[in-house]
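Labels run A, B, C and D following the written order; every chain starts at residue 1.
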């Protein structure tokens, strides 16, 4: 099912696959619903999988003025309302993980469990500055590619997937050169700068699996450790030899970790 | 279902729970089928869960003469034969992980996927010496308890579960004082000393999830890294703030990791 | 110079080597001044090196009744007084690191800089229990050896130094069998159980280098991280592939780290 | 002493400070002799400290055509010859560490000991691509700043030194906008692309201290681990919570590590 939910005047694109307890997958900043295509079969086998394009992503409406994550949280609930879904699990990576945590703060009763990959409690001054660097060359496809892409991946993945990386570069440079797309990326990046849930994160009580990568150079592992320390009902697993985009670098493992966390209700074990 | 499989003259105790593709759970050295009781519900929901007592464990027959892991591999296949099972997944921890890897080497066509927690490629000289220390005080319940148990757990778990640890001590010291049980532990420990699959591990091609714990003081994380480097179709995840007995320290996460690895067939993703 | 300082009725053995600003080296629990023999030349080249046997160690007097670290702090200052030394640097490992920190709390004006290896802020419940295990087999040389020694070393060191470890075992088992020596070890171990400087550690303002080992199975690396977080003027370095006894496993590096920390006064750099 | 050594037609700037066994400090790619100003006092107290501007750095001659590291190795030996120095220690960071290792391969008898910070065995495809990204925006000061600088530092340092980072940005953007300076950086970066000593590194037998940073996002810690595994006479220390520019983030510790490694000859300890 491919649909649009209405959020005020705007359309939020989503699609659903399969049946079962709803599982929302939330994109990283440069991703779209299409990024998850290889995961659809495996993640929809036992779940009603819902993919969403955030505003300024993919087939959702573009924005004009600056905004913050709050509107993306609105978008999520607009989709759930559109589908008549009371409660869902959410797995989000990077930007999507940040938005997922805020959705759990906004309407905790509607989120059952969380998987948060490669995100932290806040956008550090350092990460904000990296975002400024991306925005500074927005529209210059080649400069934007180099500013943002290589350091998203781990050196080992890069070496082992040179062809894939080159294909990606060939595809992304024209895309990043498109002024409309470039403006979307700028707004998305800007929308993250104010992200900071440090003060209220301890009220997120959903069972949460946090995934950190040992060589994440955007949201270093320390960020996931801090997040785990704050979330009262969370566990952290670390993927060695993996960069920020864990779902690209270790897709089978990423899918396993998501499915495993959602596979059972039991949190107390009388060992 | 609770049954015994015959292995030559010996009886191998096993029990099965639930339906689905068979999942064998293999014990650590001081464990038995009973150790998994809190996991039965969650692990049998979608699998035919098979618990086994190795020889010299729980309700299986005791041995007399020394042996090596080979006889435990025999025991596994005796159980599978008894059940008429052609192929199964195996999840094993510590001793059970070592035996699981050897089962995959012995009859690779009968093992579909593996989860190996807190085990390595071989029994290092260091680990062998720790085993000598256990055996040296075998039968002296208190000495054996102190020689073997505290360093199995991480300091953080120990602090947070003082009551549980004290109850465990109160239960284990009498048990370790029983000369029959003590002799079983000695033989089990001795049976691991020759464990070394370094030379052939690269022929284990089953999709394998390796679980390592950051503060494992029996099979330190480096052992899982070496194992992962050798197994051509394996992934490693690291659990921080966790000791050797990951299934006791992080039972919900352990269950999630096992279920997640078994939840899908897809290893190739056209990302 | 080999001398005894008087502490009430008791004699504290010490020796000094070389000239320069005084550097006190403080022993781990099973060590004595003799353990540092291989380090004397290198550490006394530019320092007045002072080795001390704590009470109940080496050539210092034996104790009878239980005590805590306080008396070892007394011993340190008795030695400094005996030598007429106003101010000294201290490098301590394990037990010696714990005592060094308490000396800095007791008479901060007399301690210039600190190197603290393989120690933490407190004796955790876990570490206390490991100590109980040592004491439980005190006097049984072989059992004590196995309870305490192998897990002090990293697996990699153990493998690469098998002859040394065997020589050590041959020497230590008779020593641990000596009831007088065994009683000393019991008291030393007991004296650590109450160690806890968590509440006041942040008042230790000496420039402090903290050394942690990646596979320390007595005072795991997390303990040094916690210590570093509390000491306002401290730095942490991590030695990979190294166990608790870093001065035995990496003696050249250990000496370099100590000498480097003491080699300069400059803490502020206008970079 | 401030001088120029002649290398063919080119002048290599160097300066010396203090007396003692010579210690050459080698710059990272964006550094110059001036970057070490805060270290001069502490590093020249017991050493004849030699600072060098590589060709295309600081006060040394600019190049025109592309070159590789070989010419920088030439520059080092031209300076040593000019000073009549037979043998020296070298400490190098990043680019300077790579050149130091090649100097040790070229004239091993003239290099006594090495300290190699934040460098690896080769320029990975990933690191090369990051270099391409820098070069792609060469001359655009702001874009170059963002492409290269933030990810050199760790998030924690960045947060704690916001004023310093802002001052650095204000200074570097104009500098990076200068076409002459930009062309120098391009050539320096290009000169690293072919760096690969994997095949011969095991013949470097000088006592070598390798310094790795836990959150190095240019030459991740894994690179230093690989380097350490290859160098037969090396030790690795890890600085936690530190990025690629360890000498800027932890200057006092960096100085201590260098001084400590050079403070003694003793590599064998009869422990």
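The working rule: a contact is a pair of C-beta atoms (placed from the backbone, for glycine too) under 8 Å apart; a residue touches a chain by one contact, two chains touch by 3 or more.
Every value quoted in this text rests on a predicted model; they were computed, and no experiment measured them.
With chains reduced to the mean position of their C-alpha atoms, the one farthest from chain B is D. Separating the CA-averaged centres of chain A and chain B is a span of 36 Å.
Counting only residues that touch two or more partner chains, chain C has none. Taken together, the touching pairs link the chains into one ring where each has two partners. Pairwise, the chains that touch each other are A-B, A-D, B-C, C-D. Residue ranges of chain A in contact with chain B, taken from their complex: 38-39, 41-42, 45-46, 164, 207, 209, 214, 225, 235-240, 247-248, 250-253, 255-261, 263-271. By the touch criterion given at the top, residues 124-127, 129-130, 132-134, 136-137, 140, 142-143, 145-147, 150-151, 153-156, 158-159, 162, 165, 215, 217, 220, 222-223, 241 of chain D touch chain A in their complex.
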